[in-house]
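Note that chain A is present in both complexes that follow, paired respectively with chain B and with chain C.
After this line comes the complex of A and B, so read on.
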């Protein structure tokens, strides 16, 4: 670490550093305190959603499990998110490949426009699409909702894939092709494996973006369909119940657990691969 | 090796990096962007000139009534000003508070830096709705602060903290701080650390080295963070909906109510276009001076 040695610090510098540490700690507490409170309260025996804790109980999870509307919303969100993750990853990888490897008319425009869904407020994208399908007299449908989610997740997947693609030298692909491999075979055997971390990261991110999407889904969902976040919103309309806390906790465990396990798996697999190649090299 | 001498590319007479192939590859994404983003915004623009008849019904006879209503009715101006104010306050607090953790992660000798960074990314994985409503447990009448303060005898009756503008800003800070911290951190990471050492060896105090070297070099990240936080805060819908009272509604809520509640589509389109232009021009002014690359780094990181 090239930071100046602590000893040479003036008292003013030490004070500033101490302040930095304290504020950093406070920011992390600020980030996680509400979430921890929700998780803790989901085990509250009380029939009210807030503090104080009156005892430990799992009954709100039971109640949740029997709530058919929640289960249905969960399944719908899961399917939408899975389809969004698969399609957006395919679309994003191919688009990033073209943006990095090729030179074509409209490349810089596309490179900018593809980021816009992440910057334009969801309310505007939501209203816009709604007005368009009203104007062409198409009813809202799950298909449109999914395509909308793909639009919202696309910028992130393209950015991740682009960043990784820049690091993959085109020499490798050209070598494979000059040895007679077809384009598709080259992409499968050379490009895709080298892009794997971006593929995994992009898919996970696309999944969470879709699973988590609230504002745009409120506009795009077909009548009578609730996704998980819109279901939570409607449950919050009356008051905050312990059931919502339990639901929140289940969602937190899922959405934090899945990427964490996924990330750890990728690490383990790549480490194992390295070890086996090293051993075969011996 | 030149591209066109490669054997696998000879078929169909397309060169290795033929633009036509690139267009084929980007066609699906481009189509999606056109049909689901560009076209909707254009149609929305046309819709602002439609005539509102009654809830859910409008006529294609062109009028400037919606725009006239927007420019003359102070009801809308109030929402607009409040939205801009909340956005600016949120972005500024984010910048001031967020700089410290970003600097700490950059400068610390702590080995497990990745853990600190991971903890900043974890909130992105947690449902935004859940993160927002969890503030009710902190600020609400049965929230952590009120329950403890009453137990300690500091207050007699619960304080009204929820459903205020402060609660909305708090929720927005919670949502936007990781964006800000990561943007500043990415910028700090790009600084050549020997520059700081050089400043120190030339006799700068730490404070001077920070003021003269580190801070100016991290400004691009700070600017990107400010822009992103402002745009996202001003466009928010869920946070004011859950943590604010009716009076704390922002422009996003107004748009939602106009369309989904009053079914006044032409007016909803007008309000959306207004928000789009205001936030768009903020982003345009930013990219005019700073370029897109910094936002790209912040979003992708």
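After this line comes the complex of A and C, so read on.
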């Protein structure tokens, strides 16, 4: 009796499954078509940054390479992203440690305030910081820009580190201390290694957040300074040249590639480490 | 048995061990109090633990037993009194200088370190030379019967194995005290019994002073030299397993260890060493007590289910009641009998003849000496 019922259910299931597949495919196309178009068009030989393609060429990358403004913007973005990643990671780990491990007055308020920049629209943050520096009569500078990026990236790093920190149970630290390790030694030998995945993930995320930030950077960059995204924007003002496609492709490779490489590196390192602990144990 | 029922000896405080005056006790609590804000977790706790002994803090959750253990470890600050290890006061010594071995309920092995590095951890921070670390780790792993597991990670071991590694890690540097915080609770039943024997064996072998925390009376009775029964932040009774089981000092102890029957009543007559007590429901029982009882005194008669028999032993006045339930255990049976008292009486007896049916009338009783009078 259960057989025919199961059969009818499974044919219905098959239909649902097919539908799910089609919809999933459409969603992916919707999400990735612009990216694919940018990458494909960056190799277009034509003068114009659109379809149809007239041939395969690397000339736009060459043009890009010779564009001093682009190279300069790239370097600035890279430096800002690096500094943001390092500072944000340090701050984020310490903040998360405090929020998870200690009880202090205003703890829940601090927890909310730290996350706030991720919730407030970037435009408002951008204007807000501008008004602030005007009020204290400080000119816009690279320092302010970096500070702004730290502000933007910190919530995400704190969230990642906090989630991981909760998983690093306190008894590991208690066990280490009962065995004779001081607080600092315990942090070095136990807490930090267990937090490492969060440290790496936080740093990579902070890097990409800073590297491809556009709207806030528009407000904060000092006169005459362009970051990669603002450079692209200003190039788009004149025309959609294929050079922009090439630059976009470089951006995509950077923002997708760096976390990917980072993730792979972490895996390789941890695997190597496991092997060496096994060897020293021999 | 009545002569052995010296209650005063197993009363709190008086039971603190008579350690020889020359050697200081391995661990000593003096009037220790731990309070979290207004909540007092432990109050006026005194205990001295003899070197090489196995002492258990037994009590329900929230009784303060874990807090006491953590206060020796230095994970909890005491608000009053003092704690000494080997005669050295340690209240202000940070945890990492206390030289204690700590075993947790959830093992707490470092997940990112190999078994070797886990066990070697305490030795590393004591500046033991590398070659010696290796030999001592090997020896410790042999002791917990897991030799050759050095290169594994904790996640590759079963719960029982992880707890043995945790034990090895805690004893390898020969601490002055081994603190065990419910180390068996996370294990399944079969494993628990095995580990119980194992821990006891290793403790004997090494001669280490052990302080064990549990809520499981069976663990406490089977492993300990001495048991401290705790309730609501205080020591209810301190004594050997037999002391606390056979001669509970308080109703709490009698109830917590083995669910004793407690009969409330008034002393009706006293003839020599035997007194007759009239229970609330009107029936009476004969008892003996080392304590001088006076007529009219309100008493609680504590009787273990195993001490009750049906029919009653010769000479004992019978208690009459109705069987409410029976659980057959194979060879023995547990009856719950209504004898007109506020609580049902539990009888755990060997089966002679047929089982009594539910609702059947039953006569039961106990020898006057087989009870404790509170």
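Operating definition for what follows: the second predicted complex is superposed on the first by the 251 of 282 C-alpha atoms of A that agree within 3 Å, B and C clash if a C-alpha of one lies under 4 Å from a C-alpha of the other, contacts with A are read in each partner's own complex, and residues count from 1 in each chain.
What we mean here is this: a residue touches a chain if its C-beta (ideal position, glycine included) is under 8 Å from a C-beta of that chain, and two chains touch if they have at least 3 such contacts.
Remember, predicted model here, so these are calculated numbers, not experimental data.
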Look at A:70 in the shared chain and tell me whether it touches chain B only, chain C only, both, or neither; answer first, second, both or neither.
-> neither
Residues of chain A touched: more by chain B or chain C?
-> B
Counting only touches as set out at the top, which of chain B and chain C does A:169 meet: first, second, both, neither?
-> second
Go through the superposed model and pick first if A:16 touches only chain B, second if only chain C, both, or neither.
-> first
May I ask you to decide whether A:190 touches chain B, chain C, both, or neither, giving the answer as first, second, both or neither?
-> second
Touching A:146 in the superposition: chain B (first), chain C (second), both, neither?
-> neither
Return first, second, both or neither, reflecting whether A:177 touches chain B, chain C, both chains, or no partner chain.
-> both
After superposition on chain A, the chain A residues reached by both chain B and chain C are 174, 177-178, 180-183, 186
What does chain A use to touch chain C in their complex?
-> 169, 171-172, 174-183, 185-186, 189-190, 193-194, 274, 277-278, 280-282
Where on chain A is chain B touching in the complex?
-> 1-4, 8-10, 12-13, 16, 19-21, 23-24, 27-28, 30-35, 37-38, 41, 48-52, 91-92, 94-95, 97-99, 101-105, 107, 110, 112-125, 127-132, 134-135, 147-148, 150-151, 154-156, 158-160, 162-163, 174, 177-178, 180-183, 186, 208, 211-212, 214-215, 218-219, 228-229, 232-233, 236, 240, 244, 248, 251-252, 255-256, 259
State the interface residues of chain C toward chain A in the complex, per the touch definition above.
-> 73-75, 94-102, 104, 106, 108-117, 121-122, 125-126, 150-151, 153, 169-170, 173
Interface residues, chain B side, partner chain A - complex | 1, 3, 6-9, 16-19, 21-23, 25-26, 28-30, 32-33, 36-41, 43-44, 47, 97-98, 100-101, 103-105, 107, 109, 119-120, 122-131, 133-138, 140-144, 147, 173-174, 177-178, 181, 193-194, 196-197, 200, 205-207, 209-210, 228, 231-232, 234-238, 241-242, 252, 255-256, 259-260, 265, 268-269, 272, 275-276, 279-280, 283, 292, 295-296, 299-300
